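Across the two complexes that follow, chain A remains constant while its partner is chain B and subsequently chain C.
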Partner chain A sequence: MATVSTVLSNERAVAPVRRPRSARRRMLLLADVAGLSPTLLLYGLFIVIPVLFAIFLSFTTWDVVGPLRWVGVANWSRFFSDPGAHHALLVTLELVGLSWLVETPLAMALGLFIAGTQRYRSVYAAIYLLPLLLSTAGIALMWQGVLSPEFGGLAWFSFHLKLSFLNQNWLGSPGITLYVLVVIIAWQFVPFHALIYQAGRRAIPREMYEAARVDGASLAQTFRYVTLPQLRYTIVTSSMLIVVGSLTYFDIIFILTEGGPGDTTRVLSLYMYDTGFLQTEFGYASVLAVVLAVLGIAVALLLIRLTGFGKMDSGREGIW
Partner chain B sequence: MSAATASPAVFEAVASRPIAARVVRDGGGRTRRRRATGVGGGRAARFAAFVLGTVWLVIVLLPIYYMVLASFRTQGQYLSGNPWLPTGGLSLSSYGTVFSATGLGIDFRNSAILTLATIIIVVLCSLGAAYRIVRRASHFAAVSFRLILFGLAVPIQAIIIPIFIIVVKMHLYDTLIAVILAASASLIAVAVLLMVNYVRAIPRELFDAMTVDGAGEWTVFARLVWPMARPVLAVVSIFAGLGAWNNFLLPLILTQSNANSVLPVGLYKVASTSQYGIDVPVVMAAVLLSVLPLVLLYFGLRRQFVQGLGGFAIR
Partner chain C sequence: MIRESLSRIGSRRFGSVLAAFAVAAFIVAVPAIGASSASVHSTAPTASINVWMVDNGANVNNLWTQQATSFDAAHPGDHVNVSITPSSSNTYQVKLLSALGTNNPPALFFSWGGGTLQQFIQAGKAQPFADAGMTDAGSPSWTKDFLSSSLGPVTFNKKVYGIPILGTQPVLFFYNKTVLAKYHLAFPQTVPEMLSDVKILAAHNTALIGLGNVDNWEGLMYLEYFADREGGPSVFLNIQANKKNAWSNPAIVSALKDIQTLVKDNAFQTGYDSISWGTGFVDALVYQGVAAMELMGDWDLGIMLSDNATFVHSGQLGIGAFPTVPGGKGNANDLEGNTTNYVAMATKITSAQTYVAEQFAASVFSSKAYAAAEVKDGLVPMVAGSASLLNASPLKKYLVPVYNMVAKAPYFQYSWDQALGPVKATPMVTNLGKVFDLTETPAQFVKIMNGYQTGS
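So, the complex of A and B:
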């Protein structure tokens, strides 16, 4: 500011020297190139080229050591007849659906809670965010300790309080491990989505609640006819993030179960990792990667289309 | 007499200044002191909300508490004692083991380097890019912006194989530089968006005033954009720092040797060894040490953290 005011009070500012138009344009273009090229370079090398490269690789076979061979749509037809891939896709969709079902109501309730102005609630909100500071690896290892059979925290309850249902092989039972993962992922991400709902709730004009009160609306009616409709974009934003995020979910599952027991928690991203980096079938793994990306982008576009609302705007509305 | 009456007024004036500042910092519209509106009106409802909120508080804190308690025990104490109560003695030996025997000291150093380098790269690149995008000086900037926005939709898992191949071809496999560059690239689209939103809010008149005065593009950047953007630099730094410090997939794929290992992968490796895989207290102590710097920063810079986390929402 100080800089600007001195500039403004400068006598010589009255008649600036104009450079010829084309020279000025060239200078502006040069400035654009200078300002943008570091970003574009990084971005091109690690995002744009990899996207194109992944699509290209999906039509080849390659194990890094041998030569790269063009195989046309062979990898793609393999994908459509590969029961492993279908299963992985199914597990992924199950994880996405369950995550959405568990996280959305919890996050909304907690978001409304921390949008309140009582002092203790802001203290609670500060603590709620702690899981977001932990690395996913840290969270996985922490839960591994809590859940470990025999010596874990839950096992202790089962032995000493005779709550025998708590004595499970939480991370190694085909029937329950996927649900355990859903709970752990919810533990990690509900606070984040609560934050989005908090911002959404705070953006609702106060007058709407006053009007509802004047009309004698009950608490449930206020929620149904004021809060819920007003939060619709927030719900879209949060839902999209949950869906796209859990589509590509990898870290916690990789550390805690590696897809097991059996293949009950082997999601698509993990199947891709195994195919690519353990079996070094980069061609087929790229098919899985492209499927992953297309699914994510499709879901995002679908939600945007359904609601007629841009992702960028809704993201901003949520937090800024 | 006059001095006595004047002095309280002076104090009041002095006192009112920080309060006014605080109200501004809380952000317009959502002032803290306002009473709860509408929902949460009834007493019973408020009590129900309190109960629900407290239940979630317990859910958040229980596993963390378990981890903290376990970290202050030896393996023997952990296996024999009550894991939920500090009975049977506490010990700092697990923390000693983390540094002396697990080799995670290197991971701490590497994570610090990775995080600082990523923050510097992301902040400088995105601010420069945002400045040019907001200036709208040429078609080139507009096209670049559209290209960068497209990257928001690409999940990093989907392009990890090509990234791996490119890194190998550049002879950067198993180097921190590879992780730094890839992590920066994965964070830069969001950072640009955060910066653009902020730089856009700088009044156009300020730009015009400087340009009319004959200031070059660099002068405008150095004397207007850079000083004005300071608050958002903190937000972007936290966003990029969290993304780098906690990243798991990129270092997992792009590094291999212990000398280039970073914390999340190092923790995973330590916990997978036969020696420490069963030594829960050591693993817990290592996890806690890895998050400690973030927790300290968090309680110092809560507002910036919340906004920095908001960056992940755009993602």
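So, the complex of A and C:
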């Protein structure tokens, strides 16, 4: 009993000490909330509220200048029967797939190269990374100048060097324009992803390469069994940025083709812009915006689930 | 239409500022009369206003900014700030739409009139013009200073919502005489002649027609003309009246086929669907002889004067009407295009800004001096009594034929995209772009566009 009473009395004695601790916790929580509030406020103002507003708008008709009218699910029914939207969705997915296929190996190769120790590496790196310094509009106009079939740089080479295959209607042929856009977008973004790969490669411990060399691994084997597995999360990060970025890609396509020729390069974001700002149907354009947002989130979650990226397991068990 | 008005050009014209001041003085002196018809500010309010314009070449752009500067000098306390949106009309429309939705729109804004302006009016975003400080909203005294037909696209419910700021803008062929002469060709008068010329020029690596159709509105001019030449004005009037299946008219199908024939025969230069006319690229094709001609609104003469005055003054430039279609029902003298361009006035501005905006618009755009400046810049003004200015101009060889074409046109069709408004115009030009790229058949185009005809 004495023991029990001692315990009880001890508990009693401890209780007043616990109260200030929970108060401290509350203070810390308050401090956290206060610290986060500017971010939460901005996030709410510029992300949450617009998203909720877009969802609300998708059930209305609105031309910005006139009154807003509730139309229920009419805009959503229209989306499911609109061949223009389905086509835009298909073009978007094609652009996403092609962008990933082109950008990933190029960025990886370039990233591994600039992470190395070759002579003049930094000079080459500076040249390769040049597109990072240019604005998107500038890049689009520059390529417009290069590809113009009448006065463009390629047309000049075609004429003076008798390279007739260069004389194509690069931005106006339904069969090739989407691929040309993929190349231009890759030209713009490969340097950025190369930087990610460079950082990933530099984070791989030198000991792993030394061990591979001691084991007699060839260059290809070292890449296959050391570099590639160690870059696993770098690949996921870069892929997620490419995929989500391509889903909402707009500016270069808008400047170079405006979705043409015909609608062969009209991606969903451009279709949304045309529907909203040119056709002044902001209700239906909001449906397209919501579809894009849902698609982006779904793809990101899928990538995380498939790759185990969310668990963030160490790729280097046993190293340290 | 314009023809009728041009033939009725009268000498009666008052400077609208003088008129407004005269009326104001009269009303101040006789308050009882003023109370019955109009009211006036006891002292002229002052304000700063924004005016949004669309790029029309350096000369016209400068003319607008000079007018604002002169107005500021003559009206201490007022400030008129002219902003010019470069090149793309689509860019401007988007910017304007956003601005009109806010509480801080430009007091005056560039407009094509028609369906888009009507949309703004119905939403209460644009207000009718009055004489500054008066209550005659919708029928200001300056309407008498313009050819009456010029106000059609900005008159709704018998009220005037826009003031003409540029010349009449029929769509015509602008051609390089040197190129046609080099291959012993005359300007084609019929479509078969045009197709024959296409083949002759293609054999010499030259396109008959320069086109910049990335934003699709330039291609629409071909549909407008072919449809009119084939079937006459009723083809489009039925579409505009929202009649069911109006796009199924054989003239539309035939017009779309004619367009695809031009494409298949390589009438247009390579890459016509990947460049924007607003970049000046197409004009350059004609200057340099890469293409023999281009179909464009008469505003292009002013732009050519800004960009390559030598080409215009040397006489290399020729102007011709769209060729006829043998057996077509349309009149060979019918014209397509914009009657003119306007500035309209936003609703959400202060009363002082409204006063200054009305004062600026009336005193500048209806004046004889402005009309003379327009002629100098290659425009055929909509200000009444400008015929003598055209005859005295060094550009007489271009301006007088345009004036005559407009004067004798039995029908002047307002541009389809502006007439229909954005909801129908956007799918129309987008699908027409596919017709130009041969990725959509005329039948598919007709079927899609009939889907937008909701009438019976």
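Here is the rule we go by: the second predicted complex is superposed on the first by the 265 of 320 C-alpha atoms of A that agree within 3 Å, B and C clash if a C-alpha of one lies under 4 Å from a C-alpha of the other, contacts with A are read in each partner's own complex, and residues count from 1 in each chain.
Quick note on the criterion: a residue touches a chain if its C-beta (ideal position, glycine included) is under 8 Å from a C-beta of that chain, and two chains touch if they have at least 3 such contacts.
Keep in mind that what you see is a predicted model, and the values were worked out from it rather than measured.
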Which superposed partner A:Phe277 touches (first chain B, second chain C, both, neither): both
Partner chain(s) touched by A:Ser148 [first = chain B, second = chain C, both, neither]: both
Contact breadth on chain A, by residue count: chain C or chain B: B
Which of chain B and chain C A:Leu129 touches, first, second, both or neither: first
Which superposed partner A:Thr61 touches (first chain B, second chain C, both, neither): neither
Partner chain(s) touched by A:Val244 [first = chain B, second = chain C, both, neither]: first
Which of chain B and chain C A:Leu195 touches, first, second, both or neither: first
Touching partner for A:Ser158 - first (chain B), second (chain C), both, neither: neither
Partner chain(s) touched by A:Gly172 [first = chain B, second = chain C, both, neither]: second
Shared contact residues on chain A - chain B and chain C: 64, 144, 148, 151, 277
Residue numbers on chain B that touch chain A, as the complex places them: 29-30, 32-42, 45, 49, 52-54, 56-57, 59-61, 63-64, 66-67, 70, 78-79, 82-84, 121, 124-126, 128-129, 131-133, 135, 137-138, 140-141, 144, 147-149, 151-166, 168, 181-182, 184-186, 188-189, 192-193, 197, 206, 209-210, 212-218, 221, 223-224, 227, 242, 245-246, 248-249, 253, 263-265, 267-268, 271, 280, 283-284, 287, 290-291, 294-295, 298-299, 302, 305-307, 309-310, 312-315
For the chain A and chain B complex, residues of the former touching the latter: 3-4, 7-8, 10, 12-13, 16-17, 25, 27-29, 31-36, 38-40, 42-43, 45-51, 53-54, 57, 64, 106, 109-110, 112-114, 116-118, 121-122, 124, 126-138, 140-146, 148, 151-153, 156, 160, 187, 190-192, 195-196, 202-203, 206, 208-210, 212-213, 219, 222-223, 226-227, 237, 241, 244, 247-248, 250-251, 255, 269, 272-273, 276-277, 282, 285-286, 289-290, 292-293, 296-297, 300, 311-312, 315-316, 318-320
Chain A residues touching chain C - in the complex, by the definition given at the top: 63-67, 84, 144, 147-151, 167, 169-172, 174, 177, 256-264, 274-275, 277-281
Partner chain A, residues of chain C touching it in the complex: 90, 93-94, 97-98, 100-101, 119-120, 122-123, 125, 214-216, 269-276, 281, 284-285, 290, 422-423, 426-427, 430, 433-434, 436-437, 439-440
